[in-house]
Amino acid sequence: MNGKNMTRLISLLLCLVLMTAGLGGCKKTSPSTGETNGATELLAEEGGTGGKGRFLETELPLPENIRRLYDTALLENGTIALFLWNDKENIYQIQETADEGESWKVRDIDLEAATEIFAGYIDTAAISADGTVGILSKNDDRLLLGLILPDGSVEKRELTLPDMENQEQDYALNITGSAFDAEGSLLIENLNSHFYKVDLTTGNCELLQDLEEKYIRHFGVAGNKVLAVAEGEAVLFDSTTGELLEEETVLNDMLAADSSLSETVSDSGKPLVFAGENGGEVIFYVNHQGLFCHTPGGSVSEQLINGSLTSMGDTTVSFLDLVMVDEEHFLLTAVGSQGEAKLLKYSYDKDAPSVPETELKVYALEDSSFLRQVISAYQKEHQDVYVNLQIGLSGDDGMTAEDAVRALNTDILAGSGPDVLILDGLPAEKYIEKGMLADISPVIEEIAGKDGIFENVRQAYDSDGAIYQFPARFYVSLVNGEEEAVEAGSSLKKLADFMTGKKTAGESKIFPMRSAENLLEKLYAADSAAWMESDGKLTEEAVKEYLSCAKQIYDAEPTESEDVYYSYGGMASDTIGTLDATGVALKTSKLNYGTIVSMTEFTTVYSMKSQYGIDYELADRETVKSFVPCQLAGISSQTEKSGEAEEFLQALLGAECGAYSFSGFPVNRTAYEEVVEDAANRYDEYSQGGIAVSTDEGDFFEMTFENPTPEELDKITGILESAEKPACMDRVIKEIVLEQGEKALKGDMTVEEAVSEIMKKCSLYLAE
Amino acid sequence: MNKFWAKAFVILLAVMLFFTVVSRAADSFLVAQVSVEPFTAKKIEHIVSAVASAEKGLEFPVMTEAGLLVRTVYVQEGEFVEAGTVLAEVDPEQLAETERDLRDEIRALQLQNEAAEQNQAAAREEKEKQKKRTQEDYERAQKKQEEALRRGEEELQQAEDAIDSFSAGGAEGMTQEEAETKKAELWQAYFEKKQALEDTEETMEEAVTAAARALEDASETGTADNSAEINALSIAQKEESLKAYEKLEEEGGKIMAETAGTVTGVLVQTGQKTTDTAAFTMTSTEGGARLSAEISKEDARYVEVGDAVTVEKSGTKYEDFSVTGIKQTEGGAAELTITSEEHAESFPMGESAEITVTKQSEVYNTAVPLAAVHTEQNSTYVYVAEQKSTVLGKQYFTRKVEVKILEKNSSYAALEDGVLNSENLIVTDSDTYLQAGDRVRLRQQ
Amino acid sequence: MTEKMKRKRTAERKTAAAGRICRRAIWICLKAIQIFFAVFMVSPLFFLVTGSIMGEAELSEYLSPVFTGQEGYACWRLIPLYPTLKNVVEVLFDSPEFFHMFWNTMKLTAGIILGQTFLAVPAAWGLARYSFFGKKAIYQMYLLLMMMPFQVMMLSEYLVLEGMGLNNTLWAVILPGVFSTFSVFLMYRFFLEVPEEILEAARVDGAGEMRMFLLVGLPLGRTGIVSALLLQFLECFSMIEQPIAFLKDKTLYPLSLYLPEIAMGQTGFAFCASLIALLPPLFLFLAGSDNLARGIAAGAVKL
Amino acid sequence: MKKKYTGYLFVLPHFSGVCLFLLLPFLDVVRRAFVRTAGGFCGFENFKLVLTNEAFRLAAGNTVKFTLVCLPLLLLLSLLLAVLVYSTGKAAGILKNCYLVPMAVPAACVALLWKLLFDSHGLVNGVAASLGGTPVDWMNTGSAFGVLVGSYLWKNTGYVMVLWIAALDGIPQTVYEAAEIDGAGRAAAFFYITLPCIRPAAFTIAVFSFLNSFKVFREAYLVAGNYPQESIYLLQHVFNNWFLSLSVDKMVAGAVLLALVAGAAVWALQRTLERQ
């Protein structure tokens, strides 16, 4: 009996669980899934519907020198009018065009009459259908409405708000938005989210709505309906009566679903804009997903334009105004990522096939701002291509590099792999071996011809005339310190002997190291290039020498308790320009060893030299001079978009990207020269920098940064040019070496044991 | 047993559900709340402020009549005086005496003048007569000349006529030879007459000129005698002095400031006589206010001549000052001179006030609040809040973006374009210490 | 005689007593062995519990040799020196993601268990009790498919799921789970044990095939069903590869992926989270354990 | 017979799902075994590659060794316990429940404990050191194999025991009573009654144990990563690593070999254990 009850209970339970699952979980399965996938889905939808007919985007010319576009309107007579700030002539202008931007005409304004208005602070302006421009100007404690009539004459009204005492006085006169409704009345909203209707003849304001308790981000007028966007909510009210209208759940849902829509509004645009038709019977709105048409009371919004097929989908663009010309034509003003204004026209073409744009998938294991900038630069050049950046390791989740590689491989094998791969941390050698990477030597050749390229790097990646991967940036290891130490830095063995010599001489504090791992990593960057034999095997002697030297160095330096270093916080630890650098000057160490990843760091190194006489040199094994590549790029051999992929590679390796990153020197010579140029002129009497450190013992160290001299810049360039072989970038080998090496350094096993363990594991790996 | 554990399982689920809600609620309190905003295009405002002190204004002298004995000096150097303030007092008796002397002098001069006037009238009569005579001579000479000329012309005419008539037929009946001779005679006569006329003309001209000269000489006045006029001037001057003395006497010998201002120099001393140079020097309020302030070299970069300056003194703001000079001083600093056409009374010399120069840069595309910019060693960066998808859906995390500052002031920094884009939400404020990769919640604005 | 008898009886009694004592001793011995094993088996729970109420400082003191490679050896305490509920509070109050993932796991589990109940159980019954063409082949195929490691099948499975548009939805994990052949195999084995006579008897009584399955098959094969489903439940709670392979959207991740994430560094927290994560399957296990043993015997005895 | 079709009705829904979600991928796997990663039929080349691959041979050897050590150990140990528990009375509920606990502990948690216990500075070494023993670096020497076996036994003994008990339960008490009357001793009863009776169950249990031996990989992987100590470098490690380096061709060939061998082993087991 018991058993029967049990069964029932269990099944009941399971039903319950299933219900929760049904309600919660399975709903999740349909909507979009993560940043990058959203776009692809939309593309898929578009492809699915197949048919013909699409709104096509054309960019209309705008007048030059627009700093800020206040309002755009389509006048009754069909001209497009703009109210803007021209930052070349430093004046406000009304510009009009009757021929879709082919020619723009500046309206003559009675400037004398307008002086007072233009002298105030203008945050918003609106253009009515007859061409009257209403400008809200705040001048001290006065709020003026300037009306510039179509003939250029100017009228002034002083506005007084009826309910000043009921609101925060400081903000009341800050008018954040204005618009004309279908009947030609001017509506304004202040920072307290009070909406007023302005009598144009007298300047009297009538409070229409007080939405202070909702934080209204911005509003738009669609016919006679005012749509105010609050957080996760759209408030609709009538522009004539001020009466609140029924909530539009569809709009609310849309706003709630995408929090970015109700977020920040800046001078440079809004995430969502509106237009209306038939007195607001139909509301059109634009967000990054596209242009939608919504009938109030309706249960869905219809998507008219798919954002991802136009510039609407570019999330760096923000919108200013949507103007409906007719059902088949829309005008949209927007601001691009660099603050440039755009006037876009959308016209329905019933014959245009709804073809999705090309999507270029770029994969990187780790995110980098460098890559993001390259992408945005590329995207700007190639608007018809949609670059989908896929990041393997987003950071905070428990995803390991392996999981990411596994997912990537699955994609590659499933035929939906990326077109361009950033190979840092990926098993690049294996990919090449499997023929998964295409030969990119023509691209490299082209760049070498155009901008020049570090030949040593090119040669390092040239395998029988073909290049399968190529770094966009690279860096080297440096040693700096006392003369003797710098001398010793040229080889691990010498360095180890130097350390032992110092130790027997009774000196301590020679080599700054945070931990065994830190030391191993520093040495790895400089030494590992020499390990791999040409047949792909690991040289045991090389590993042994590396490890025994590391051990010798580690033993010679009484490492401070590792906890001490944790207090420095999350600073990059194996680069040379960090706090460790000050040690030599402070006499807390004899040398500093580490990678130099940017000119900024070189400035530090140079300043040390010029002010403290601390010289520097390439840190290396004598036989092989090595560099560390980063942002290694390759093109998938499976890609169908090799043209776009190559163009992307060009952008990645291009001359423009020199200043984008602070990690690594650009391989592109032109970009490198730019970096050098910048470093040579970075500091002047007005802009200065420096380091000041005081130790617990009370020693004080201070250094101001100096611009490196041309000779020194030549020296570092020479060092960079001399590096001939990339460090061993194989993640697995590096992990194995560091893991076992740490044990050896800490004395858990002997160096010999560690080396044999490393060799065993690595040969397993290499044998697979 | 079975049931027990089954129940336990159900209760466990319930507990989990409860804590699901609780932890979500708790979570929202614990995550760092940050304010974000995208960058804006901005002019970077540099506010240079300093404490300035008022300088000397334009100086002018206060004169008084010379030679007066100063009995009392009432003001000291640096004192501010209103118009009408007594600056010093002279000895009234000495004043009266000086006055008397002056009157006597004037009388003497007047008498001198009367005598001189009579002599001059007689000389004028004589001259008039002489002039008349010369005039007559001149007219006569002229008449004579005209007569002589007329006569000469007539004779010449006759000779000419004779030639004409001879040529027309007078030669009939004469031999060629005779005719030739006659003709030659006639021409001879003609030329003689013409010569005679010319001679007469010349002599008569001379005579007339001589007469005209005589007339001219006669009409000239005789030697000029200005002494009377000089005396008159001297009298006027003295009378004026007298008037001043009288006025001074009326006022009881008090030297007063005509306008308000600061006394900058006292040049008279009690018991000594005034000189003809100034008795006092003063700066008037008419010249406006003039301040100077020392600012750092850094600040000096942003200030230019002509910039408007706001001056604030004990709660009052003055807007109509402007920078009229910038001078490098030793030690790398700079000295500003600021003037206004008014307000001198508010800024007597040495008075100090706070000045502010607000200067706007060109418009930078990428400006962020300075609070958003962090500096660590020689790298400068901002945190950008970015959405990432996590287990709990999309959440914001901070990302470090290295930037380069082009210009900054105490509240905004302009960054190099291109590193940030308009979609980036820049963290401007956080309630806890942030690190790259921290999860954050956007603060409700 | 009587004396003899008596002596004999005493002797007998003595040997009997000795035997009893001996048996008793053996019994105690055996019991002790069992108890030893049992303690050995649950010892991890003890670690989890003490670890959960230990402060991070105390834990790192004990365990730092392991995590930082310092000299010396890790040690442990039966009862923490400074017990604290900090970890518990942290898990329960400060980790919404823990709960989110927990419910994801529950969704997966519910889907798989329900699917198996409705699909795998009949399939096992059908395979066990009916003979039809291809039965042997199907059975062998199931056996073979059971043997394939997931790593190998992953790519191909991924492609199939991709083709059906299921990737990145919970269904991508649920559906392959529902069709796990091992459950069928297990239940099949148990259904085999149901004596044919009982079915014949039922058939004679005029029961339909469906009725027979529901009224005879299910109760008699309960052990198999419960053990298979319990195993499946456990499997759901420790699935790692499948979600990583088929789910990209992190909001869909189950709890089993949360634990590897937190494992190092926050030991106390990890202990506590593990402990809580362990409870649901444990409770269900305990709830079902009686069923595991009884099943067939009980059914067999009844008839 | 109508029985025939009823059988289909019961099996078909599940079977179709299996076809879709398991068989189809499996066939794809088999297909790939004859194709290079980058495409192109290559016959048995992949198999050749795999069989000559050192890493694969090492791993296969380890896996076989592991299975051969573990399975008998597990079956015997759990049977012993089952008989013990069974014979010492049915009130062994609590004890039995205790045995089930290891099954419920999540793999990640096991891995964490494993690390704590068997690290070279771990608890086990600590105890050993305090008792005067020599510490062993468990995870980096051959003893890793022992640890793996131990953890497998620890995890599975309880559950397998419960399965044994179920089987023991299934033997009618009357058989034992009859034997007792015939004068058979306990040992005889065990060998002549119990063992034969539980032989079919033994097959189920063996298969279950065999499958679970694959799952040890999870713990091994979580503790020691992709390249553990040689002796616990299992087939799954190889497969996993091959996938990471895109050597899918080798991976699937290896897997097909594995399936063949495992299938054959199961078949052999079935023959020996199911023959009544």
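Think of it as A, B, C and D in the order they're written, each chain with its own count starting at 1.
Criterion: a residue touches a chain if its C-beta (ideal position, glycine included) is under 8 Å from a C-beta of that chain, and two chains touch if they have at least 3 such contacts.
What you see is a predicted model, and the numbers here were worked out from it, not measured in a lab.
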Comparison of A-C and C-D by number of C-beta pairs in contact, larger one = C-D
Would you mind checking which chain's mean C-alpha position lies nearest the centre of all protein C-alpha atoms?
-> A
Could you state the distance in Å from the CA-based centre of chain A to that of chain C?
-> 47
Chain C and chain D: spacing of chain centres that average the CA atoms, whole Å | 14
Per the centroid of Cα atoms for each chain, what is the distance between chain B and chain C, given in Å?
-> 100
Rounded Å distance between chain A and chain B, as computed from the means of their C-alpha atoms = 57
Which positions in chain C touch two or more other chains at once?
-> 69, 103, 106, 154-155, 159, 249-251, 253, 258, 260, 286-288, 290-291, 294
Going by the touch rule set out above, which residues of chain D reach two or more other chains?
-> 93, 243, 248
Shared-contact residues (touching 2 or more other chains) in chain A | 2-3, 6, 10, 17, 34, 397, 406, 413, 748
Can the chain contact pattern be summarised as a line, a ring, a star, a complete graph, or none of these (other)?
-> other
Full enumeration of touching chain pairs = A-B, A-C, A-D, B-C, C-D
Given the complex, residues on chain D that touch chain C span 2-11, 13-15, 17-18, 20-26, 28-29, 32, 81, 84-85, 87-88, 92-113, 115-116, 119, 121-123, 125-126, 129, 135, 154, 157-159, 162-163, 165-166, 169-170, 172, 200-201, 203-204, 207-208, 211, 214, 217-218, 222, 235-236, 239-240, 243, 248, 251-252, 254-255, 258-259, 262-263, 266-267
For the complex, which residues does chain C have touching chain B?
-> 92-103, 106, 249-251, 253, 258, 279-280, 283-284, 286-288, 290-291
Would you mind writing out the residues of chain A in touch with chain C in their complex?
-> 2-3, 6-7, 10-11, 14, 17-18, 20-21, 24-26, 28-29, 33-34, 37, 397-399, 403, 406-407, 410, 413-414, 416, 562, 742-743, 746, 748
Any idea which chain A residues touch chain D in the complex?
-> 402, 405-406, 409, 412-413, 427, 430-431, 434-436, 637, 732, 735-736, 748-749, 757, 760-761, 764-765, 767-768
Within their complex, chain A touches chain B through residues 2-3, 5-6, 9-10, 13, 17, 34-35, 67-68, 87, 215, 231, 259-260, 263-264, 266-269, 315-318, 335-339, 369, 373, 376, 394-397, 569-570, 577-579, 600, 603-604, 659-660, 662, 686, 689-691, 705
